[in-house]
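Note that the chains are named A, B, C and D in the order they appear, and that numbering of residues resets to 1 at the start of each chain.
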Amino acid sequence: MKVVLENLTKIFPSRDKKAGKEVVAVNDFNFEIPDGKLIGLLGPSGCGKSTTLYMISGLQKPTSGKIFFGDDDVTELSTENRGIGLVFQNYALYPHMTVKQNILFPLQNLKGKDKLPKQEMLERAYEAARLVQIDDLMDRKPSELSGGQQQRVAIARALVKMPRVLLLDEPLSNLDARLRLQTREEIRRIQKETGITTVFVTHDQEEAMSISDMIVVMKLGVVQQIGAPQDVYDDPGNLFVAKFLGTPPINVLEGTVQDGKVYIGEDAVLNITGVEDQDVYIGIRPEGLEPAADGALVCHLNSLEVMGRDSSVVCTNEASLNPVIRAIINSDIKIDAASDVVRFDVKPHKFFLFNKETEERIRYEVN
Amino acid sequence: MQRKIIAVLLSVVMLFSICTMAGCRRGQKVDNTVSITGDIDLGDDIIEISFTHTMGAKLQDVLNTHIEEFNKIYPNIKITHQSAGGWSDINGQINTEIAGGNPPNIAYCYPDHVAMYNIAKSVVVLDELINTEYKIKGTDERSGLTAEQKADFIESYYNEGLVYGDNKMYTMPLNKSTEVLYYDKSFFTEHNLQVPTTWDELWAVCEQIKAIDPECYPLGYDAEDNWFITLCEQMETGFTSAEDGGQYLFNNAENKAIVKELREYYQKGYFTTQELYGSYTSNLFVETTDKRCYMCVGSSGGASYQMSNNDTPDGTFAFEVGVAPIPQANKDHKRTISQGPSLCILKGKNTSDKQVYASWLFVKFLCTNIDFQAEFSMASGYMPVLKSVTENENYAAWLARGNGYEYLVAKCVQVGIDGRDDYFVSPAFNGSSTAREQVGAMMLKCLSTDAANDAAVDALIEQAFKDAIEECEY
Amino acid sequence: MVESKHQWKAWLYLLPAIVLLLVFTVYPIFNTVRISLLEEYGAMAEMGLDEGEYFNFGLGNYEKVLQYKDFILCLKNTAILCVATVPISTILALLIAVALNSIKPLQKTLQTIFFLPYVTNSIAIGMVFAAMFNIVDYNAENILNSQSLGIINNVIQFFGGNPISWINQGSSYMANITVMIVYIVWNALPFKILILLGGLQSINKQYYDAAKVDGTPKWRVLTRVTVPLLSPMLAYVIITGFIGGFKEYSSIVGIFGDKMGPAHDPGLLNTMVGFVYDSIEKDRQGLASAAALILFGIILVVTLINNYVIKKRVHY
Amino acid sequence: MSNVINSNSVMQAKDIHMISTGQKVRRILAKTGTYAFLLVMALIVLFPFYWMIISSLKELSEYRQAIPTFWPQKVMWGNYSKAFSQANLGDLFMNTLYVGVVSTILSLVITVLSAFAFARLEFKGKETLFGALLATMMLPGELFTITNYITVSDLGWMHTFTALIVPFLVSVFYIYLLRQNFMQIPNELYLAAKVDGTTDLKYLWKVMIPLALPTLISITILKMMGAWNSYIWPKLVANDAEHQMITNGLRNAFTDVSGQADIPVQMAAVAIVSAPLFMVFLFLRKYIMQGVSRSGIKG
């Protein structure tokens, strides 16, 4: 089932009546989520990603715009009639019910022609439980489960009624690091197996990148960029997206374009065409810096962290907006750790220019 | 945890019952008699006296001015007084205070209350204080009552202090009220009706009135218990006796016959009472358009309630109200119930003799001071207890007032004063208040419960009397 | 929990409370037990005893209480009032709290209104209720010929019903009890609403979102989600309700006055505490204490049963 | 109405339209019903209150009428000034305030200390003691009156504020309420404080009390309300002019010689007395609600 968001906007009236300011949580969101895909809504807190999710779920009504499931306009339809499954950030498992009762609960609400016989309800509950591999925990209470297990119960509860769309709100944020890795794979697997169009919300870019078919990066209610994770990473539309994606984060420096050359401080690091002379922000991915004896970019070497296959070169440059510049290099490349200075060449496809005012990407061609 | 609670509770109880065996006695019996062996010496030190009453603000003003008068004579007696609320409030409060050993020195009281206080032997026997011929040291004043003073008391009021079955004097009367018959004088004149003086006449008048206005209740009677007690007294059929610590005599055939007769009249619609009617019967009496009653028996102290809304203090009346003594059963044996506050002197473990003397002097002052008696009467609508009060010029003028709100009040007082030889108070003992409650309940039951036939009525009355006597004797 | 080597410290903190409780609660309880075992004990009678005289020690007071002809009636009234008012007031309070919690405009105003009885003097309210149910001049043949039917009957008539005598003569025991139930429920509502509303507002909203996503009907949300999540509050309200119900007395005086019943049958609605009060008033503290302890025993048993039943159902 | 949840069922545009209209209608109906229910209940709850107010504005004779009137024929504002002037309201108010404030402060200290001991400290017999305390709540308080009266008079406290304040300082109910609240505060905070070497009292003051503030405010209000409404006990132990409390003063001021009360004036007095409490609730409602909601949820 594809999900189409058309000019979706949500404005919250101000809480404080005197201040009178409205909060635009989501601004003119347009997107078509293809059928059967896993979509990650990504952004820092307050960017409107959860609001978007809640609007899709029907728990919140959009101020304007439309939502379609397939060809059906569901904007006016209430939550229970949309056929969605929703997994809450803290799971919202009913503490007084066992796992089995929790999973059965949505099925017991069906009525009329959708009503199922008891036996079938049980079968479907067990099926959902098996899918998330908790079928041996059915008689426990949520308080007797670990965080990861609770998460699975929540997913099973969302899946049991075979939703048209599955929505997950920060599904991994309450889990510890190891469980998070494991669970995100699990979510990916379940999504693949069921083929249900799935939207999930996260502030963790790594999480979004690792499992999503597509990601949507949002900031202050405005969609910044939509695309396959790698595409967005490789080709960020603006400084925000560039900064938001990638660990370690992108190195941002101040620079100027003059006469077809990009200068960082005194160093001309790249020859380009198609850009007028101006001050710019420069973004260089950590893997875009290549140590070279005669490299154009001269930095002050702080330390060298060898992490096995890769090494991280930590250095400083006066033009850098971050406290340090980080380069990830192959450990085979030797750096003189005793030296004060390290010189880099830059890889053009990891090297981005941004307008200093708008922070929009400035496209260039390498000379 | 629950088992633990129970275990703890049980062990506490057991532990305690062991220590109870010892039977530790609290407090000491106070000596409630006074013996005076010489002139009373109040000394010069301040003697503090507490006085608990039920007076409202208006009466407290009267009291305060007379405390000042009193202090002119006895400057070192300091009197503090407080209102305890209503009658049941003051009774409950003083009960607790006596049990705690700290009663006030002087209290407003009804005989039933005094009977309770007497269980603790806390009420000072007044005989010695009244009769002593010793003087107050340093003055010429006799500390007891002079012969004239005694003679000035309306006898039946004075004798209220003696109703406790042991021939001892426990209280002094302060101001009194009685039941009177209010009637619509305009109506009576218009229809040429005679104001009834006996019950037979009353029922005859009721029949006449019922013929004129079939919708009405000819008579409203506020208090069922008073009615029964009064009838017992008038017909000498027996209610209670204070002999031998109290006896309940009302469960007899004569009384059952009285109640049965009342039931017949009630069923005929001749009368109603406050409880049966569901509101004050005085409301029926002051009514001029809707259902009403033309006679109303109520307290002489409640005259203001017998005036309708449209009546104004300056004397515009919807109809003229007449006041008469209540009907009698036997003209040679007139009896009317007496109500209203008396004063008793209480003694706790810390009460000094001087306080008792000082209290007595104050009680004597209030009960024998003509000005106080007159002013109190005018402020409250209650009747003074001294015959000579009517000689007070102000008071005589007040009594003679021809119109206005106070006219009715004064008229009630006058009727009360006229009937002063007929008053009685039912005997008081531990349980006399229960008897009063129970006969009230019994009356209500007997009058209003449905019964199919005569036999059923008899059975009903039989049962109601039985219940009442059982409750009394429980 | 912290293993404290210094147990004395805990006791130190508890000292003021314990001292005061010992003096003003525990000692009176002991005294009550003692008095209940002294036959015919009265506080005033004790003051009036002669030197060397004392009350007999024994169970006479308990016997006497059990022999009281209306003892069963008092017990029955108490039990009926408890059993009827606690569920009704709890359910009503729950519904009101849930409804209040579900609205936005007027919520605060209504909340204040529902709390109002809590700060209104109880003396006034009893009189008002009695006046609302009171029929003036009850007419046995045709109730409509009565002078005033009272506001409640007027309402009943307005909706086409037949007026009945609630508290006056001709009223049935059922009618009397109904009035008492209405009054007691009314009285109990504000506190319960307050507690339950407080509880509701502390329930995580996501449970309701989850239920909504699942298309749970309102009724099922109430029974399957709200009530279980509110169960600690409900348990508290029910247990204290029962304890309060067993102590019912002043509300009956409020409606029927000291005679504790309709005109034709005074005492019909007397309760255990009413009996205790009566006895105290008549200086029969021995009897009063025995009756109070019997009542205490009953309350204790009921509370334990309550606890037992509720523990199985309450989710903490 | 069909309920579309199953993903397999295909929805037509018409269906959706029907469902969403139906939804709207149902939602409006539900809202209307909710409001209707609440308003009816509110009226029922308000009625006696309304009655109290109109009674306070009636003339005594009108109040005594057999057929009650719904609006005073003659509005007697004078009843209020009468209530003010007849009772010595200023003094009564100060006395009540004094007793209320002092007993509230002391009671809070005692309650906080006890609740802390029950919630955080470990000592022998804790559960038993707590259970026993709770059991005392089941006894009718009237039983204690006489014994306590004797105690107070033996201690020489008659006609003092002490007698009004001390006997009721400890309330098992408040201790229970606050203990529940304290138990909700994570134990780690206490352990952390212990590690830092904070004393118990400092921890109480700095951590527990701020976190339990709503409950403490609720207790304060309940306690003040207690002082406001107390009647029987003050009447026994300190009903003299210097110590009289507001309810006692108001109740006694309007009785006539026969002990009958001028009810309209009394009602006016009751209304006057209720007003401050009502205001307090109005302003502190939020805290009261929080206090209540936090205390009970954990057993």
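Rule of thumb we're sticking to: contacts are C-beta pairs under 8 Å (C-beta built on N, C-alpha and C of every residue); 3 or more make two chains touch, one makes a residue touch a chain.
Keep in mind that this is a model prediction, so the values were computed, not measured.
Here the chain-to-chain distance from chain A to chain C, counted in touching steps, is 1. Chains C-D form the pair joined by the most contacting C-beta pairs.
With centres taken as mean C-alpha coordinates, the chain found closest to the middle of all protein C-alpha atoms is D.
Chain B and chain C have Cα centroids separated by 35 Å.
With centres defined as mean CA coordinates, chain D is found 51 Å away from chain A. Computed centre separation for the pair chain C/chain D is 16 angstrom, with centres defined by C-alpha atoms. Averaged C-alpha coordinates give centres for chain A and chain B that are 90 Å from one another.
Listed for chain B are residues 2, 9, 26, 88, 96, 99, 101, 277-279, each touching two or more other chains. Of all residues in chain A, those touching 2 or more other chains are 78, 80-81, 110-111, 161, listed in ascending order.
Those residues of chain C in touch with two or more other chains are numbered 43, 136-137, 147, 215, 300. Across the whole structure, chains are in contact as follows: A-C, A-D, B-C, B-D, C-D. Residues 57, 59, 78-81, 84-86, 88-90, 92, 94-97, 105-106, 108-111, 157-158, 161 of chain A are the ones touching chain C in the complex. Of all residues in chain D, those touching chain C in their complex are 3, 5, 30-31, 34-35, 37-39, 41-42, 44-49, 51-52, 55, 66-68, 109-111, 113-114, 116-118, 120-124, 126, 129, 133, 135-140, 142-144, 146-148, 151, 166-170, 172, 175, 187, 190-191, 194, 200, 225, 229, 247, 251, 263, 266-267, 270, 273-274, 277-278, 281-282, 285, 288-294, 296-299. Listing the residues of chain C that touch chain A in their complex gives 204, 206-207, 209-210, 212-217, 220, 224-225, 228-229, 231, 315.
Contact residues on chain B toward chain D in their complex (touch as defined above): 1-2, 4-5, 8-9, 26, 54-59, 80, 82-90, 93, 96-97, 99-102, 175, 177, 277-280, 282-284, 286-287, 299, 301-302, 305, 307-309, 340-341, 380-382. By the touch rule above, chain D contacts chain A in their complex via residues 1-9, 11, 13, 16, 19-20, 23-24.
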